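So that we are looking at the same thing, I have put the structure below in structure tokens.
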Amino acid sequence: MNIIQQDFYTQAILSLAALVGLTSFLMLGQGRLLRLIFVFAAQGLLLTLTTAVAAYSLNNHHLYISAVLTLTLKVIFIPWMLRREVIQMNTHRDIEALHNQTAVMLGGATLMVFSYYVLHPIVQTTSAVMLNALAVSLSVVLLGMLLMISHRQAVAHVVGFMSIENGLFFAAIVATNGMPMVVELGVAFDVLVAAVLFGIFFFHIRTSIDSLDVDLLNRLHEVDK
Amino acid sequence: MILVLAYCAVLLSFASGLLALLMNQRATLLELSQYWFKKFPNSNGHYLRLIDSNLKENRFSHLLRLTVFAVLGLSGIFAVLAGVSVLISKEIVTDQISLGLPWLPWHVRFDCLSGFFFLIIGIAVSAVSLYGPGYVHAYAEKQHPFAVLGLFTGLFISGMLLVLLADDAFFFMIAWELMSVASYFLVAFQHEHAANRRAAFLYLLMAEVGALAIILGFGVLASFTDGFTFDALREAKLSSTWASIAFVLALLGFGMKAGIVPVHVWLPEAHPVAPSHISALMSGVMLKVALYGLIRFCYDLIGEVQWHWGVVLLVVGTVSALGGILYAMMQTNLKRLLAYSSVENIGIIFMVLGLSMIFMDNGHPHLAALGLLAALFHGFNHALFKNLLFLGAGLIHHQTHELNIDMMGGLIRRMPQTSKLFLIGCMSISSLPLFNGFVSEWLAFQTALQVDVLDNGVLRSLIPVAAAALALTAALAAACFVKVFGLIFLGQSRSRNCDKAHEVKDKGMLAGPALLAGLCFFSGIFPGVIIYLLNSVAGQLLGQTLPNDSALGWLWLAPVSAEQASYSPPLVLIAALIAAGISFWYLRRNPATVMRRAEPWDCGFGGLTPRMQYTSSAFTMPLRRIFAKVWIIDEQIDKDMQGAMNQDVAAIHYQLQVHDHSWPRLYEPVAQAVNNIAKQVGRIQTGNIRVYLGYSFVTLIIMLWVIS
Amino acid sequence: MIAAYLVLLIPFVGIVFFALAGHRADNGKLNVRFNAICLLATIWLAINVLNQGAILSSGKAFLIDPFNVYLIVLTAFVGLTTSIFSSPYMAHEKELGKLTDQRLKLYYSMYQGFMLAMYLVLTTNNMGVMWVAMEGATLATVLLVSLYRTPESIEAAWKYFILCGVGIAQALFGTILLYYAAVQVGDVENSLLWSVLYANAEKLNPEVLEIAFVFMLIGYGTKIGLVPLHNWLPDAHSEGPTPMSAVLSGLLLNDALYAVVRNKMLVDGSSHSNIAGFLMMGFGLLSFLVGALFLHRQKDIKRLFSYSSIEHMGMMTFAFGIGGPLATFAALLHMTVHSLTKSAIFVTVGHAAQLAGTQSMDKIRGLIKTQPQIGWGLLIGTVSIAGFPPFGVFTSEFLVLLATMHSYPWLTPLLLLGIGIAFAGLFRHVQPMVYGEKPEGQQSIKANLWPVMIHLGLVLWLGLAIPGFLANWFSQATLLISGSTPL
Amino acid sequence: MNWLMAAFQTLLFAALAPLLAGWLKWCKCRLQNRKAPSLLQPYRDLFKLTNKQPVVAEQASWLFLIAPYIIFSATVLAATVVPLIAVDLPTSASADVIVMVGFFAFARFFLALAGLDIGTAFGGMGSSREMTISSLAEPAMLMAVFTLTMAASTTNLSIAISHVLNEGLVLRPSFVFALFALILVAIAETGRVPVDNPATHLELTMIHEAMILEYSGRHLALIEWASQLKLMLYGVLIANIFFPWGIAETFGAQALGFGLLAIMGKLALLAIFLAISETLVAKMRLFRVQEYLSFAYLLGLLGMLSHIILEASR
């Protein structure tokens, strides 16, 4: 396929997809929590843009609603909440030393390739654009997991979790122009509740181990020490 | 009609179990009766008084025990009736109970084979139900609730009976496991001792493993046919390899229950710790149910047996017989000893069964019938005398609170009836002529001696060796039970408990063993009767009955032909009576020679003490030296020194422990392996959430890679 | 159809009521009532379905077919009995000072919330909604897992939350892919509805569906507790309040499996490679064996039985993976008997733990001597879950074995091995707890064991004979899933 | 007629047994050039014992008192089975050779119990050793007997003997083995040197004597007589199975007379051999006995195998 031949909408989607993927990479390599949250917010913003573009070009109205939802949730509420937590915990200064970061990054790159490889069969059903977008979203999901695996801060885990949500959301928009409304709402509701619960849990975890380092949550194991 | 009898037996045993549950419900019953008579005040006051008096605290429990065992005994009688009637009428009755799976109701089939085992169970259960009330009286209700004992006894017996009735794999397994689980609860009945709990666990574990093997065996058959009814399984056409695999699985499964070496270890652990009448049932009867399973599986379901299975059985049986009796010899706990001797007898049965298979496959059905009969007959005998001995052990324990042979002695004077009954048991089990044990052993030898008809040189030389091993087993058994009777009943008592012991009051506790002893003697004198019953089994199973070609079948036993071998217990009995009578009369006629009692000669050491007598370990010492390799013996002698320079010996302590080889060789390695694997597996539960995320991440990647 | 709405409405009312009404002494009883009414409604629903076949609600929002209706009834039943158990249990916990009124309130409200989520998962016709409900179930229970606020409970809850969240997210990705595949062929609006999806299953692109299924399996499999995605399960079970463990084991796992099976039906309809079946068999067998091995090393009584849940879910997954009428029938039966037995066991376990004042098995001793009902309940329950006849678990395991022997004979030894190991693992721990002399000063407690007796009674009944209507019910479900029936 | 014949033979057995014992003693005395007691000495001893007042230990139980009668009658029953001077006995049909071994076991069982009854150390020692040795000897014996029975394909002794008789002189390797096995077993079972020494009461070597230490009077008489019977039984068994010639096949008077002479001759010969061996061989330690008996067992097995492989092979 050749990017020139595609219409503007597609080009926009593709470049946005690229940007989203990029933000995931940035997050993956990010050691400072505040920046991590900031990048996450940026990803949310890109997502909103994508949704808006899709809504506009397909003039599909319910996508506007989901755009608004995304904006409020992923760009404003969650980052704000996380930021508050970080400040309260005043962990915003210390840098999490990421072990063999280069390896992680390379792994991320391979993941991207891998997701292209996995989703390859889809090409025959539809345009390569879809493949491209889907692959990006899949890799966003996988990168999100990688982020959670490689980071030790609970906050980072939440960010990873939410970025996975982003990936899914992106996939939903570009591949299928959004899910049915009821599902959209449900998902959004779940994300909201999840965010609130995370807030509660930060509080509890802090009170129990007065830190947000998940590696310290290891009482329940079955390895003979 | 016959089936009705069989059902009655099952239902009654079940009912006795349920009845036992009323033990704790006295208050409820009382209220019920009150309520009833308030409702109908004009009803007969006599009953009111009757019921009230029976519901009194003190009477109620006793009465209930009696009723429970009475119902049990009734079920035993019905079982006997059912068995005998089917054996005489030689019919096969089938039926279906609309339970089980929607497309596979419980199939029921009652034929001569089942009937014979019904007979065995019935006799044993009747004896036990005579014995039971007096025996369980000793248990404190608080500590050992009778409700539990009675319930599971009922379930256990009905389970055994159902196994015999089952005619499809599913029903069979249910009944089989019912039997196992119920008996497990009975083994764990006195669970305050850690050893009993361990034994119970081991027992249930082995039962489970065996059951799985059996299921697999059925599965192998079923995979060559459709459906799980035995009729369908009979139709299965197996290649000889698959048939052999099925046979091995069945042997493993049923053999584990029957307690063949080396998978026997649970047996001497589990049987002794149950209450004695239960040990009697387990050792005397449940093992026979396993035997039934094997016979049903090989002769009936698989159909044509193969001679090398026979060889396997022969070898396994020989090893079990010798191993069992040698281990029994070394035991000091009476019930453990009896349990080990069950291993021995099961071994003998398997040997003869093997012979019968060999002859069957080599085209000598009449000899196969002879072998089968010998095996079944020995099963019958073992059920009788092993029950008798276990009940006797129960009596001894009940009166002396001892099971350690080395602590007993001299009971023949304190418990005369018991000693007589026990003696009969000992004589039967050590296969002395005139008693039933000898007849089956004689038949076994006759079977072995027919080896000439075989062509295969290996078999022709293997079987005589097995026969010699059988002879050795018999002789060792005699030695073993001389030790048992001699140390328990003869000599002087070695403990205070035995000094205080006296004959049991409860008549029933003697009546049960007496019944069995009588049967031992009867079937030893008139084996023809049993042979007649067994012939119909052989007829149905092999299509071949035993030619008993002699004028008076009940008087003579000539299994093959009168020229080859014959035995006539009644004549022998008469001759023996004549000889004894004459000598007795001749020697007693002189009044001058009336007997005089005196101190025994004590070699001038002044006073024989009980401690001078031979103990169990002393008695068996020569054999322990001779067969030393068979056991893991640790023997330690330590001396207390005293005096100047600690030179002279004050006291010598001798300790002897004899262990079973199959613990370190078979069981412990398996347990170790499982534990180690579990340890390794436990590592995946690291407790670190990032690792867990890693798992699901990697799994996802791998799956995606697999899929595309 | 009203019944279906009722089933959803009642728990919703429950949530609101408990959330708003503030703390009351008789909350427990009310909780029981709500569940009881719900059970009646479900039975009514079931009767409708059994009479007139599958119901599709107007607006296609809900689909009730024999498969899910029986799960609905099961859910309601277990929910009811567990609530009966939980009302004295939680009261006692409060007396022990482990809980405050506030948390008790939260507990009851979330209990209803969980029930609502379960009903929604089962009744809905929309894959997306199903996903939402499943996530909702997580959210509802995660606070209950950390109800005691001990460090362990919080840790457990956190792991539960994160792992299930991530897992379920993958399920959503699968859903999206499926939707995407569906959009290619059908109308956009309704193409997430099971009814529509099944209608044009064979038109869907198999490759996409298979990829989607992988995501579904990983996603919902995390909730089923398939090894190696199971790690949250023992923690959540052991640290949460016991009634929660009972419903988690008895219901949540079942419903997650339900979701997977639904998807499998779809994939089977589209592609004929049976890849889904193989994947499920692999995961099932692995979970079965690993779960069985884990049993041997447990120290905490609730962990022990949660691992046995993993093992049994593994067996069900395996059976569904085999496919075919016999295996499917067995799996359905096993679902039923397992959730009945397991919840009963957790009830007794809860009482036992309260009796001994600890969950560590080394300290629980002499239950039979202390309080016979509890001791025997635990023992019989274990006998039943270990697959001894005449209990129903044996029947289903037997059928699974037969099905395996029929289609994949070389796997049967593995199964048998697993059963044996699992049995040993259970009994080596349970036996010392129930038997033996009671420790000094161990007192019997106020316990309500009717749920246990009812459950075990039902399991026994199922083991002896499967009543006609139930058999026909199962066979309808089997017909639905595997396309043919064993009868 | 046959039954009468059987009864007659039995009586003859019982009557001749002490004589054999006396003859054996006589030979031994002559070989050790001592002055021999008269051949009838055993009869006198028995008679004396029967008229003595038996003294019994206080704690002796009923079993101790009936044991001698049981032992004696069991041995007599064994005697009824074995053809002495004529074949075709009905008794040996009613109880074959396996039953005969059973009778021995029966007697031994009660002998051992009686040894344990008083509760002295000697009794226990005796029964323990007796049971050990016999349990080793029994398989060897059966092996030897089975060789014969398989050759004659019957376990009925008189039929077997007449079978050997009618076969004429056939040299069977198996019989050679069986013969030696049976001789070794017989020595062990009848408590002769080198396994046991009937002449001594030296504590640690006793086996048979240790069990009967407490017996006196008629009880002792019965037991002694029984053991003499047992000795003769084994003798007759060896003689008539392996060298049956001379035994009467019809119940004619002179046939029977000839048979009587024949068997007495054979027994006398055997006794001489036994006496010689007892003079030449020393008694062995108890724990050598197992080697001795396993050798006997080996011989029996070899006999059996050679029969199966060489003679009856098809």
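Residue numbering begins at 1 within each chain, and the chains themselves are lettered A, B, C and D in the order written.
Definition applied: a residue touches a chain if its C-beta (ideal position, glycine included) is under 8 Å from a C-beta of that chain, and two chains touch if they have at least 3 such contacts.
Note that the coordinates shown come from a computational prediction; the quantities given were computed from them, not determined experimentally.
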item	value
A-B or A-C, whichever has more C-beta pairs in contact	A-C
Maximum centroid distance from chain B, chain identifier (CA atoms)	A
Whole-Å gap between the CA centroids of chain C and chain D	79
Cα-centroid distance, chain A relative to chain B, in whole angstrom	70
Approximate Å spacing (C-alpha centroids) for the pair chain A, chain C	31
Rounded Å distance, chain B centre to chain C centre (Cα mean)	44
Multi-partner residues of chain B (at least 2 other chains)	679, 682, 685, 689, 693, 696, 700, 704, 707-708
Touching two or more other chains - residue numbers and ranges from chain D	none
In chain C, residues with contacts to at least two other chains	158-159, 162, 166, 170, 207, 211, 234, 294, 297
Chain contact graph, described as a line, ring, star, complete graph or other shape	other
Sites on chain A touched by chain C in the complex	118-119, 121-122, 125-126, 130, 134, 137-138, 141, 145, 148, 154, 157, 161, 164-165, 167-168, 171-172, 175-177, 179-180, 182-183, 186-187, 189-190, 193-194, 197-198, 200-201, 204-205, 208-209, 214, 217-220, 222
Chain A partner contacts - residues on chain B that touch it in the complex	679, 682-683, 685-690, 693-694, 696-697, 700-701, 704-705, 707-708
Touch list for chain C against partner chain B, complex	158-159, 162-163, 166-167, 170, 207, 210-211, 214-215, 217-218, 222, 228-229, 231-232, 234, 275, 279, 290, 293-294, 296-297, 368, 372, 383, 386, 388-390, 394-395, 398-399, 401-402, 405-406, 409, 412-413, 416, 419-421, 423-425, 427-428, 431-432, 435-437, 463-466, 468, 471, 475, 486-487
Partner chain B, residues of chain D touching it in the complex	50-63, 65, 69-70, 72-74, 76-77, 80, 91, 93-96, 98-99, 102-103, 105-106, 108-109, 112-113, 116-121, 123-125, 127-129, 131-132, 134-140, 142-143, 146, 149-150, 153-156, 159, 213-214, 217-218, 221-222, 286-287, 290, 297, 300-301, 304-305, 308-309, 312-314
Chain D partner contacts - residues on chain B that touch it in the complex	409-410, 412-413, 423, 427, 430-434, 438, 442, 445-446, 449, 451-452, 455, 457, 460-461, 464-465, 467-469, 471-472, 474-476, 478-479, 482-483, 485-487, 489-492, 556, 562-568, 571-572, 575-576, 579-580, 583-584, 587, 590, 592-602, 608, 610, 612-614, 618-623, 625-626
